[in-house]
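Consider the two complexes below, in which chain A is the common component and chain B and chain C are the respective partners.
Right, the complex of A and B next:
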């Protein structure tokens, strides 16, 4: 398994401090925002949340390998990716509050998605978006664009037919795509050992004729460098790569899940000691690029900024009820117009 | 307008060719569509004219075919993907129903999916239970999707061209029987030389009559036209309404015809339970009950798998003979 930063924060390869500090900031913001979204769900203000705590290195590191014109096909646990893409916090909060500023108009419980940031709204069923990510990548090639696609999914997705058909397709047609399997050890309650008999999910790429690599998913530098190589390879027209980022889902599957039913605290504690944010901080402190004072201030600022952003977002009005009848077809057929008339009479 | 006679297959091929010439964003892919030109020759010689970047043979992967069409459409192309048999659409049901048909809605209207999935069902060709299913009724539960099923060469060409230009996902269902059965009304027919389009969502009165309305779609339009000829000899004037688009359905044309004839027979190739005929019949009952002078008759395949043996299949499926018998009883 590819690792650059040791758990103690020693590095085999020392990256540009500005890049590391920027990634660190985004990981902290993603963590704080994730905890706020959990809280908002507990307060009854948002419907459901799939927390990303513990997975910040996998999301931020791989997303930093992208150019701004590259396309992201996330699943529902990619909050760190959106923060790394510099989506304003308010956009993400509005999405979750399902208010009038929600780009998805209250119709999807994915964390986020907005075409204007080249983030294709995520589906909820796992793996369903892998074939469309491949089709999208192939059409970039057809249009002779140098953009590439990065496609995120979890360990559970690798058991689905969609995954196999799509990766086979990508191999045959040399799609400019990077698959990032965020192996967080669990598909809801089912451990990865029940999804597959292989030790490392990256070996699955062998069957489709392209390279697979496993990286320490709690090592943001390893995630970044592995993704960068894969993105450059895709951009050169040399086809796809499957990256397995080995990490851990510290929180529940979603706010509707109680993980104490299927895993013990010692396991969670062991992974907490491998926290990706702590690891990068150790490295930054070791190189004298960061101080504990600065660190405390960053966490405080993040907390304060996000709290204020949420307060502002809560002032947005709710979605109008008749909006549920929009966007089914390009032009509404007569029967939907009729439904809308009946609907407005009900109000 | 100058016209010539084309077969159903030739008309479809011409539609693809014209749209590909007109618009570089139209690409064709699927199993056997390129080098072989399609197992039924609908994509014949497209590879020769448009090259391997626009006409692609794919692995046997229906999920990836439909999924790739979604991705290509998201990126502004107009993919026309082929699923060899309607039965195999089941493999990609999730992509089509759970993903494609909902994407415009779930994205808050951010994205459009101008894709066409072409497929065909081969009831009437002695292909057995797994190559003959007409599953359109099951897809009526997927709002956001359009379902088109042409019954003649003229409609096949005009509707396929419109489907390719449409900004919503379209499942374009062809009839394998109309590819090959020369005795069918829809096998060969006049097609103008000049370009034309047929709007989606509009039914077509294929034959005018006052005594009974026969609503049919795809293959059964040929059976209904043959039945109407036989009925005329008996002095019964049947009106044949071809749905052409199954979703969204043109209820207005159906109801206007029922208001005139006061009798309705629905003849189509779904199995009877929950078939398209059930949707047509319930709609007419809901909105035009007072115009009916007799109970609605639904003619479908029985709710069981199709037999393979040709003689048995003929008994199984909707035929001109069954329509004539039903109408004769109805107008007594």
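Right, the complex of A and C next:
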């Protein structure tokens, strides 16, 4: 398994300090925002949340390898990717609140997407977005664009037929795509050991004739470097790569799950000790690029900024009921126009 | 290298089976061209060694899941040729009372062929289910499933192999790689090194056999079966072979394949290959082979005549096939 940062923060390859500090900031913001979204759900303000705590390095590291014109096909647990993409926090919060400022107008729940940032909204069913991502990547190739697609999915997705058909297609037609399998050890309650009989999910790439690589998903530098190589390869027209980022979901599958029913506390504790944010911080401290004072300040600022943003977002009014009848037809048929009028009188 | 010393008797049995399949298919092809067969038919010419090699190695109680190119599987398994042909011609004597047609012709519960499916790749998850039943009932039997090279790119293939591996089920996956999925050459749809290599991405042991060499197929299957019966989970065999004719009866297989390629594979005809080997051992002479062919031909001509003069199923009785107690 590819690793650059040791758990103690020693590095085999020392990256540019500015890049590392920027990644560190995004990981912290993603962590704080994730905890806030959990809280908002518990307060009954948002419908559901799929927490990303513990997976920040996999998301941030791989997203930093992208150019700004590259496309993201995420899973529903990709908050760190959105933060790394510099999506405004208010957009993400409004999305979750499904209010009038929600870029998706409450059309879906719990998932974020916006064409402005070239992020395609994630599907709820497992793996169904992989064929779409491959098709999209082939369209980029067909149009002779130098853009690349990055596609995130979990370990559970690898058992789906969609995964197989899509990766075979991508291999045969050399689609400009990077597959990132965020192996967080559980597909809801099913552990990886019950998911597949192979040791590493990256070996599945052999079946499709392209490279597969397993990286330490809690090592942001390894994730970044592996993804960067894969993105560059895809851009050169040399086809796809499958990256398995081996990590752990510290929280529940979603706010509607109780993980204590299927895993031990000791296991969770073991992975908490491998926290990706702590690891990068140790490295920064070791290189003298960061101090504990600065660190404390960063966490405080993140907490403050996000709390204030949420307060602001909550001032947005809810979507009007008639919004449910919009956005399907360019020219709505008469019965929908009538229904919309009826709905607007409900207020 | 062959491990087993094959007796003359065993080799003669396999040769006869292969000849039966070949001559059976010759008659099916003729009947198809004469317009006597309703619906499509997919012929087994050239792949006889796969059906015979695999099925000879199985136990009587092992299950076989077949495909739409399954006449050969049925004949190899000993399903009466009259019932198979009856099915192809839609007669009541058919294996499915003539209601299924050519693509379901080998089905015979009595011979442990519960299914022959017309949908590419759809037999694999069903075989996994059969394997699960065997494991659940603690039986030492194996579910064997045949499929073509086109099936390996379907989602059903992927889900089936993964589940069989995770649950360590007694399933033998046999890919009859005849190099073409209808008119699509394998090299246009597979970027991996080989089909067999693909099994490694599920943690399944895989074997490659030259599918025109019945003894190699038999030995490879026996090896794979040993592994499966040791409770170590599924196994995968890729048999490299060639269909000497087109995809279906309506296709001559010529417009998308090079003449040289076809000729090269005709030179490696499975029946001739076995005959040559047997001759080298002094097990058979040309006259003896000719005699077998004449015997089989005479038997088949009788079968064709009987089936052609037998009645279609009485469609009035159809509801009784759906409900035990018709409403």
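One rule holds for everything that comes next: the second predicted complex is superposed on the first by the 327 of 347 C-alpha atoms of A that agree within 3 Å, B and C clash if a C-alpha of one lies under 4 Å from a C-alpha of the other, contacts with A are read in each partner's own complex, and residues count from 1 in each chain.
Criterion: a residue touches a chain if its C-beta (ideal position, glycine included) is under 8 Å from a C-beta of that chain, and two chains touch if they have at least 3 such contacts.
Keep in mind the model is a prediction, meaning the values are calculated, not measured.
Novice: Under the superposition described at the top, does placing chain B and chain C together on chain A give a clash or a fit?
Specialist: Overlaying the two complexes on chain A (C-alpha atoms) leaves chain C and chain B fitting together cleanly.
Novice: What is the contact status of A:196 with respect to chain B (first) and chain C (second): first, second, both, or neither?
Specialist: In the superposition, A:196 contacts chain C only.
Novice: Who does A:209 touch here: chain B (first), chain C (second), both, or neither?
Specialist: second
Novice: Could you say whether A:288 touches chain B, chain C, both of them, or neither, answering first, second, both or neither?
Specialist: Once the two structures are laid over each other on A, A:288 reaches no partner at all.
Novice: Where does A:108 make contact in the superposed view: on chain B (first), on chain C (second), on both, or on neither?
Specialist: The first partner, chain B, only.
Novice: Give one of first, second, both or neither to describe whether A:317 is in contact with chain B, with chain C, with both, or with none.
Specialist: Touch partners of A:317: none, neither chain B nor chain C.
Novice: Which partner, once the models are overlaid, touches more of chain A's residues, chain C or chain B?
Specialist: Greater contact footprint in residues on chain A: B.
Novice: Students often get this wrong, so check: with C-alpha centres, what angle lies at chain A between chain B and chain C, to the nearest 10 degrees?
Specialist: Reported to the nearest 10, the angle reads 50 degrees.
Novice: Which holds for A:161: it touches chain B only (first), chain C only (second), both, or neither?
Specialist: both
Novice: Once the structures are superposed on A, label A:172 by its partner contacts, choosing first (chain B), second (chain C), both or neither.
Specialist: Touch status of A:172: both partners.
Novice: What does the superposition give for the shortest Cα distance from chain B to chain C, in Å?
Specialist: So the smallest C-alpha to C-alpha spacing between these two chains is 5 Å.
Novice: Where on chain A do chain B and chain C both make contact?
Specialist: Comparing the two interfaces on chain A, one with chain B and one with chain C, the shared residues are 161-162, 165, 168, 172.
Novice: Considering the complex alone, what residue numbers of chain A touch chain C?
Specialist: Those in contact with chain C are residues 158-165, 168, 171-172, 194-199, 203-210.
Novice: Flag every residue of chain C that touches chain A in the complex, lowest number first.
Specialist: Counting only chain C, the residues touching chain A are 153-159, 162-163, 165-166, 168, 188-193, 197-198, 200-204, 233.
Novice: Can you tell me which positions in chain B touch chain A when the two form their complex?
Specialist: My answer: residues 27, 53, 56, 58-59, 61-64, 66-77, 79, 94-95, 98-99, 103-112, 143-144, 146, 166-168, 201, 248, 251-252.
Novice: Considering only the defined contacts, which chain A positions touch chain B in the complex?
Specialist: Residues 102-105, 107-108, 113-115, 120-121, 123, 125, 128-140, 142-143, 161-162, 165-166, 168-169, 172-173, 326-330, 333-335 of chain A touch chain B in their complex.
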